[in-house]
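Just below is one structure, and these are the notes that go with it.
Per-chain residue numbering starts at 1, and chain names A, B, C and D are given in the order in which the chains are listed.
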């Protein structure tokens, strides 16, 4: 009887292959899902069941794709809004057997109305729960978001509270396997620890330590979460079922000639590291370093956009395309093969971004240059916790639509936590004609380290 | 904060890489230990500490080798007999920090006098134990053997009982990570489940359900375990430290000419599957199918023996050599490259073994052939549980030394649980000049399935 | 400018990825063709062209599949019979450029009417040919078969002769890259060497040393080649285009219960090694050891047959399924996970095959048992070269349809070159109710080694 | 009979595994040589012979290491200066057999006095050479350097001429396998093509088209090649034999604290891409992007230097360490794990380098800033072919020792072919206290593209 965890970096999405005695099930598969079938084969197992803890809003579900690949059946919780087309509905106390391994369904609404948890038993031993797959209901160190039904904010926070009591009732001995880990946009305060139990969380998870239902509800309704626009598309897609991603995720290597010959509307995405973008980049490209794609691509791209990448290597381009495919952006036409020196050596244009350090930052703040503003692009919570004097605030993800509130002729120094999101923000403004933007590398981190 | 599990199949040995914040530790590394360093690199960590839960008797410790490779320090429990040369001694309540991850030492003697457990805490959350590495003290579904100090049988069983109480005191929420899983010779009744917690074991592990110390001791002293002779060598080696295994574990492919030219005393080991050996094999070869090497090689081989393999492929030869190296048998001179038809096509000699099925077995038992005996080579416990009428009993592992009690001129039909150990036993007898041995394929399994 | 060779073992099929300057072409891709796209990505290239040297009769072309995956265009020679639906027609002297790399088409009919060769030039250096892709026209040490148009035997042999002169005219310096290597059924006398040039072949290839066109034709029309029935299906499929093979080639692991529950007509194929099959196998299974699948599966299976494998491991099952898919057998329902001892231990039936050695063979020939025959299953050419006294001859591949000429009540000892094909033949006869067949392991090889 | 090519990128070093019938040889192994043993195992071969075409001056020979790993014998040509300690001497016409494969030694001095070529025959076919391993004597499109014995310049150029005639005498059909490909510092004009034959080279290699011995000598003595100082160390090491590189080439991930705690003299090497270095880097680090390490590390580092890397990922650090180990720089203490934004966010210092583009370059040349110079760091040959007005010239590799000829207070704009070497040069000057250096990204490439 085994549980194998699959981490999708960036999204911090966790999915699971569980199996016993030649038969296996997958919980919350991601879109590029051959990996589960290969792992099952290594374990000498056939995947016969696929379980979804809820309709994902932040990634493309691989359930319908894996079902087609393997012949397995998909099970999903009851969904009032509309049926999940590719799944059978499963409900409280439904049971599934795989050799000695037994799964029991628990309805745990709150994060979404259709949220389920799956309790695992070992029928050879006893009646206690061994483990529970908690989806987005309970994380390690945190609990699920309840901001998806704003008009029912208090109700769904209460539902989540009740669902958590159900999980606590499984007993302290129960191991927990959530659908996300630290780094996910699905919770701000997850532990960086990858393993826990109901007992440990009961005593140490700050949200589970709140004993009053009413206090829990108040805390949840005060939380602030961002919802990138692509969430809507994910919700739609995960009802009807997404087609498989291309088996070939490595984008074509493009010569400069091929690159320049792309359709007019093609968006150039620079997926190299932050320093590379600052040092030299192609004019009008959008900075989206590969590990930041899952968190930010959905703010700036439309599913129909034609994309071309600037990447340091074929493998970086492959990983970037994989990240994009997992959140539904499939139209990657290729990547630029030459590096910036080669590109420049063909007399092609490039841009650099000025970076300033702590010393220069202090100087500017002490005696501000003319026509200059400080732009803070961190999240609302961060700004509230450690405000930066004199800075105007626009969240990175909102900058595409709020750019019109800024003045393209003005000089902006952009800051965030370290400079990474500031570089993305700089690229967003430069694509809109801002020419005088620079980045405070180190940003609030450096300010705080400096005292 | 991560825990990564490394399973060594065959031995069912479990070792762990744990890490946080760029620093990592390994618990109970195996001999072929580059794998930990590679995994740490992927996680962006440096291995600085190596912990041993006890002096292993069933495998070569990789601790001194990994220490040399990485510069890490090895920690081992207090050892009355003699100091472990390559390790520092660590004791009850010693603590080690890796970022937020903290390990605390627990002395848990019983299986051996130097047995330790390591309790893991997450300093960012609370004071409760998150997990414990239990070595050979507590397994999933079973507890450690206490047969290594026969003259102190009751005392060490009592020590183990006390150590288990210490573990229980950590609280139900604590995840457990033992040094062996199902299939190991270190416990007969381990669960096939790969995950558990103190709480689950407290309520469901049959040995932990025994509440009386005295009853626990009685149960332990009645257990029967085999100790293959290579255990002595492992104990010696794991005090002084073993050299690294060769980085080249794939044995050389030998032509028939090279194979026949090997030194006289070379032992030929047929590591192919059971059916292959039965179908055709080289005269005087010892049947040791690759997955059975860890359990049986130590009964029949000496550390100084020169070995040559008969394998179905280079990768099978590699895996077999790896299994052998893990238990201290390094002198593999190569493997025979041609398969049996090619070998036979060079007019080289081969042998087959007659297999009999359930029907034929019943016939023989009903009217025994002349000069015929039934030989049962199962373990003592199995024989007691399901005895086979008319069969004489010699355990597979004891057959090399007990062969002299049998008559080489007699006709033996050998049986075990399924026929696999019977084939090994047949090869052992044939190497000693027995010519009339056959194997009951299906063996007691078939008898029981038949009713 | 690179050429990368892809060997498909068993079929001994060779295909090539060539590229320069970000652009690549594939020559004669096989069905499981993701491998070319991945290799091109590693080289930083995009596959834009796919070339076929001829319509393959022995394997499923991957050209239409790779075209769909990459967007590349397929080019094929002029085909009188019918157009290749997925390809554009290319003709003598058509040229294609990839950076400095230039390919020129040469019509080289003979093996088939549509056979092309592709000559490679390096435009940075000179006008000489650097290399030529010769398809099934010229091999290393041999030339192509000309038995596919029996009614035009002399004509097509003459065409091949003329095509070979064209290749010789490219000059001694030209490297050659054929579509098959040693072990292929497309030629009996290929060198085991994997590299050569026009100059080396001109002087050392026995067929190129024949200077007279007429003598060449006589030699070719006297050759004997077998055409397994699946060749017809390949020819049909390679006109219309095959669908992609499943991305999941590892068959499902089946429990004995699932295995016994398969549809009635399912054919059980034992892909383990020869000795395994001889030692113990499932009644009525067909012996087809994995490496022998390409040569023999096409004689015994229909494209619509449902298949189930008996394999030693998941990876062996995967390789067997891959071999089967490459020649158009897709309906693999799974493989039996337990090994033979486990199978027998469930009281399931099994069979063994008696093997005899040289000594016993000689005894039987000296004084033949009653009702006994010697059955030689080698190819016609082998039998002519080294006939075996007293043996009746039926080629392994023909045995399914010629079994009716044999007597199921008779005792047959089967021989071939080593015993491998004899084991396949034994399984074919046993599936037809023959019960008294045994195999001479070593066979003609042993007889010759013995003198 | 197979030949497998191993490319070591960066050095453009080519080595070969050849084998037949279970036995294999390696020609010119590199230091990280497990790869040959693994490939031989896959081919079912044992490596018994190792051949060196000459004493390498640009990389650490893996011959003594592979010999120890496999038990093979090393063969080297006669060396007047001193015996190669780990090798047996082999001479003209010595022969070696591996099944049907035969190797014959040809003494081909010129590049070095001990240069050998190895001619390959297939004894099953004919007496013609099939292929020849040409070491640094003959490349594809070029011939070997003859600048290692300056006092014997004409003599050794003449020796090389004579050796090339020997190779030509093998016949046009002979395939060639040299020790380097395009990109190596061992020849400027190698073809980017990876395959050729004696016949093709005879007619198309510019140096082989020179028919007069005297003219050939004149051409060779006029060539200009750079000899980085580490060449001397390689020559010394490749006489006595280098120890194996560490099996763990992935450097330890260092936290900022560990990074700052390194010994004082540690050299920080930034192996990230050029743009990254320009965008933000650690003060006083040396820019050596991973693919440029083989060509430039040997100019700036001493074998005893302690090194620490700044890399974008563990895999980049691993590749960089591998490149360094291949040329004898082993003392890599780790790599900095955080990226530049994280580094800066700890208030740690960083620097950026100003880049200028074509437009700005033209402006400056039209009206030079005060106290400004243009510094060209290309090779002598490049400067002669396309001189840049107003630029002073110091070759990149010479800059460490020639920096004293420049003025640290002056403003330098550095250029090369594209900007890559210019960035290295900028880092070299900044390490020596120059503060006002910038890089013309695009450099001569952009000037030429611009016309």
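The criterion applied here is as follows: a residue touches a chain if its C-beta (ideal position, glycine included) is under 8 Å from a C-beta of that chain, and two chains touch if they have at least 3 such contacts.
Each chain and its UniProt protein: A, B, C, D = MBL fold metallo-hydrolase.
Bear in mind the structure is a predicted one, so any value in this text is a computation, not a measurement.
Participant: In terms of residue numbering, is the interface formed by chain B (MBL fold metallo-hydrolase) and chain C (MBL fold metallo-hydrolase) classified as same (over half shared) or different (under half shared)?
Facilitator: Same-residue interface.
Participant: Name whichever of A-D and A-B has more C-beta pairs touching across its two chains.
Facilitator: A-D is joined by more C-beta pairs in contact.
Participant: Chain A (MBL fold metallo-hydrolase) to chain C (MBL fold metallo-hydrolase): how many Å between their CA centres?
Facilitator: 48
Participant: Just give me the whole-number Å value for how far the CA centre of chain A (MBL fold metallo-hydrolase) lies from that of chain D (MBL fold metallo-hydrolase).
Facilitator: 43
Participant: At which residue positions does chain A (MBL fold metallo-hydrolase) touch at least two other chains?
Facilitator: Within chain A (MBL fold metallo-hydrolase), no residue touches at least two other chains.
Participant: Give the list of chain B (MBL fold metallo-hydrolase) residues in touch with chain C (MBL fold metallo-hydrolase) in this complex.
Facilitator: Going by the criterion above, the answer is residues 272-281, 312, 339-342, 344-350, 352-355, 357-358, 417-420, 423, 441-446, 449-450.
Participant: Per the contact definition, I'd like the list of chain C (MBL fold metallo-hydrolase) residues that touch chain D (MBL fold metallo-hydrolase) in the complex.
Facilitator: For this pair, the touching residues of chain C (MBL fold metallo-hydrolase) are 1-3, 20, 100, 122, 124-126, 128, 130-131, 141, 171-175, 191-200, 202-205.
Participant: If you look only at chain D (MBL fold metallo-hydrolase), which of its residues touch chain B (MBL fold metallo-hydrolase) in the complex?
Facilitator: Against chain B (MBL fold metallo-hydrolase), chain D (MBL fold metallo-hydrolase) makes touches at 21-23, 34, 37-38, 41-42, 44-46, 69-70, 246-248, 250, 252-255, 258, 314, 318, 334, 337.
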